[in-house]
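A, B, C and D are the chain letters, set down in written order, and residue numbers restart from 1 in every chain.
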Amino acid sequence: MKKLINDPKDVVPESVTGFVAAHGDLVRAEFDPIFIVRADAPVAGKVAIVSGGGSGHEPLHAGFVGYGMLDGAVPGPVFTSPTPDPILAATKAVDGGAGVLHIVKNYTGDVLNFETAADLAAAEGIEVRSVITDDDVAVKDSLYTAGRRGVAGTVLVEKIAGAAAQRGDDLDAVTAVATKVNAQVRTMGVALTACTVPHAGEPSFDIADDEIEIGIGIHGEPGRERIKLEPADSIVDRIIEPILDDLPFKSGDDVLLLINGMGGTPLIELYIAYKHAAEVIEERGMHITRSLVGNFTTSLEMQGFSLSVLKLDDELTELWDAPVQTAALRWGR
Amino acid sequence: MKKLINDPKDVVPESVTGFVAAHGDLVRAEFDPIFIVRADAPVAGKVAIVSGGGSGHEPLHAGFVGYGMLDGAVPGPVFTSPTPDPILAATKAVDGGAGVLHIVKNYTGDVLNFETAADLAAAEGIEVRSVITDDDVAVKDSLYTAGRRGVAGTVLVEKIAGAAAQRGDDLDAVTAVATKVNAQVRTMGVALTACTVPHAGEPSFDIADDEIEIGIGIHGEPGRERIKLEPADSIVDRIIEPILDDLPFKSGDDVLLLINGMGGTPLIELYIAYKHAAEVIEERGMHITRSLVGNFTTSLEMQGFSLSVLKLDDELTELWDAPVQTAALRWGR
Amino acid sequence: MALNGDWARAWMTGAHESMTAHRSQLISLDRDIGDGDHGENMSRGFDAVAAKLGDLPADANPADVLKLVATTLISTVGGAAGPLYGTAFLKASGAVAGQDELDGGAVVALLTAARDGIVLRGKAEPGDKTMIDAWTPAVDAADAAVSEGADPSAVLEAAASAAEAGAESTEPLVAHKGRASYLGDRAIGHRDPGAQSTAYLLRAAAEAAA
Amino acid sequence: MALNGDWARAWMTGAHESMTAHRSQLISLDRDIGDGDHGENMSRGFDAVAAKLGDLPADANPADVLKLVATTLISTVGGAAGPLYGTAFLKASGAVAGQDELDGGAVVALLTAARDGIVLRGKAEPGDKTMIDAWTPAVDAADAAVSEGADPSAVLEAAASAAEAGAESTEPLVAHKGRASYLGDRAIGHRDPGAQSTAYLLRAAAEAAA
């Protein structure tokens, strides 16, 4: 295992220490238990938004804490959802009296731990809503699975709900917009290589030099199928078809295209994927009116990428364009 | 070789196609010869800035084209400097009548090709200046070498000179500020893994599972020494000492700290490096007043990072804070 | 040993040793069909439990011990296992509240409440390839042993053996809950890590009583 | 063959074949002490040269061919080698301007101008572990061959052999120019890729004349 770390046990607290030192104008952190909040939290009268989950997906979620996006982020150990204590502490620290929305990726652990924290927060008189993100079309959504996973589309939910909260929407409205974004975004990913969780010391799966994993999860969970390496355009075809075939995309739609790197894929390759994905989308008669390319929801040093398509309307576009000032996403101020 | 590409020959044009498709609000490109310019180029009356060099370092340079930074970027083949033709074409395309500054990283190929292009541009009546960046302290600067290499500090030169040009400084003044930033920034890098140039198909060097390369260049050039993997803090110590020992850093200085990922290192690790680097700098009595952490000057999928320290003063700080709107660096608008 | 407060402490000390010893194996099982952290999660949780046992008053009864274990696991394990085991121990504590020494019936009540707590939170059914596939046979075996007149330590022994068999029985299954459910048929042939850690937990309970 | 326009074309066709054949070897030499692109750069450049040779008028003289090669290399090779070889061929073209057929003295003038052009741009001295370490012995050997009364093709043969020896002579050196200079002592034991491509170029010139 070759990593730029000290003791595997210290990875999360040391990284959070560096993060808040580098971005002291935007954020501050508590360490016992560990969570990150906007430097100006709580913002009185504003709906607050908290997200969180296992670490190893940076900049998700701490990189999205700041004006116009998240109020708090709760990083668990690498790839392990946080316990209720820090979620509760973050929820209390950001509550500005207008209630708190939890944005939770759909994994049993995240859902259960946030659920417990929400119950405890409610018991302390804080109004809490939850939106569970589940944008990953690689997973069958049925009674016989834990449901679709929440993956890179979560960033779009956080940005757009964050803008709604920032402009003063109430808790119901912010919850509704987050729910809507989640309902309109679909994602699928591919891994070229595995990643190594520091405390495990071994790659999360074995994959041959000429193989790729289609439908990979963001925790190195094996995906839908293992195939031989193909040209970028063919790989894009394999994952964009299931995305576009799924509801709710149709000709004439305005969409946002997100090409998300898994952490170890260079930008030069992500733009090659963007090129072909954009071609396929335009061929289907849709219009890409907004784009995002980069590493936003990563899996440590994994090589690979995911592709997300979000159906836009005027409201979502306006909220997407609204100013945001976080470590990893910033425009308009 | 496991890459998200089609034919190795098409990597640069396909990636540039994706890049301008994703960022059509900021940039446009020509393809024969290949270069990228601001969407609104030429900006009449403004000094224009062009940079370029081999591809594979993305977002450098195209990711920095836009308001307040570069007017044009010229991507060569992967790790190979562009020829004079596209440099000349980009120079002509961005010239707004106030002259053009070339920012060139100090490699024989880049220097010679930009030199030829500058001569040809001058012959066509365009006033051209050049600033050669050479911030890499890993390399001995002497009569007996090609001199120090231009590495991640180049991004700081481009941002600050870009802000000077945007506020209306003339060509002499923009050249002077670029020269000053280059004189005040020092960088050194480390590689944990090698990278593979698409047309070569093999890693640029061989490195054992327990070895790292100290003083790596951004083209996978072997560095100063090969040592066994160490904890992150020790690695940071090895590269920050030569940086701080070099002119012009002293107690009481305000500095900007840049932790630059080489492309394959996850953000969670870069912030661990930030933490310790910041500690060492503060121990020496300097104050980190500005920070930048992320992948800015990369070497394809290489795992590793570089650390840059720039001595700030009021003018440089003001220019750093000035609005910038590019694909890879954006604030203030 | 009588199933009193000392037994409950000994159980947890044994569970701590077992999670430490099997950390890598549980990581490796979870690597195959999950995300490779189950061993790390469980050993982090039981490290915390071991560190807190000393805080209990000398006369703590089994319910007191189980309650401390519950809150400690909830606040240190994370992932799916944290809330599931946490709820299990919380409900188990409630089922034996106030009892200084547990008889066979109380053991059955404890195990049943733990299992039901996990089902309440996780909604898994037997055969879904989860820890429930270790807990449910354990409950049934304990119940049967009590009907046959077994003493409390024999009841625990029966539960532990059934949990071990239950863990093994997850190998041919397709998963319907947890991360392994994303894998479809590819989960076949792999043992569920949570079922295996349940088997270790119940083995530790039986050994502490032996 | 007389060293006329056809010879110059044949030289370039041969150089193209040689760069194609040695592409991987030059990449590999450059991987060791540079950035691994020299073979790719040279073969890209000579692919373009080969494609453009047909554009020349039938009566093109050597200087015309060399000029076309110069501008083509400058606009296709990039890196350090592009401007250096480009300047070399531009100066070489100037040195034999207007001559329909080159004699031994003209060959020396051509090689000297080429070498001086590289020095003008790159400022390398002999022993700096660059392509100059192939060009300089080639110039000297050609000069000596002319003094000894060799015919033009023998002059080129002498130059090519000296360039090959010169390329080999770079192996024990520490580099003072180009990327290999960053390596200090670690460059010792490796052959300079540019010196090697110069040896291939001059070997192609000699073979075209044989």
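Miscellaneous remarks
Definition applied: contacts are C-beta pairs under 8 Å (C-beta built on N, C-alpha and C of every residue); 3 or more make two chains touch, one makes a residue touch a chain.
What you are looking at is a predicted structure, and each value in this text was computed from that prediction instead of being measured.
Shared contacts of subunit A and subunit B, meaning chains that touch the two of them, come down to nothing at all. Between the contact lists of subunit C and subunit D, the overlap is empty. Chain geometry summary: the mean Cα position of subunit A and that of subunit D are 55 Å apart.
Per-chain Cα centroids separate subunit A from subunit C by 32 Å.
Along subunit B, residues 78 each make contact with two or more other chains. Working note: touching chain pairs come out as A-B, A-C, B-D.
Listed in rising order, the residues of subunit A touching subunit C in the complex are 54, 76-85, 107-109, 112-113, 115-116, 138-140, 144-146, 149, 197, 199-200, 202, 204-205, 217, 219-223.
For subunit C in complex with subunit A, the residues that touch the partner chain are 27, 31, 33-37, 40-41, 44, 74-84, 121-122, 176-179, 181-184, 186. Of all residues in subunit B, those touching subunit A in their complex are 2-7, 11-12, 14-19, 21-23, 55-56, 58-59, 63, 78, 192-193, 209-210, 212, 229, 231-233, 235, 257, 259, 263-276, 278, 288, 291, 293, 295, 298, 300-301, 303-305, 325, 327, 330-333.
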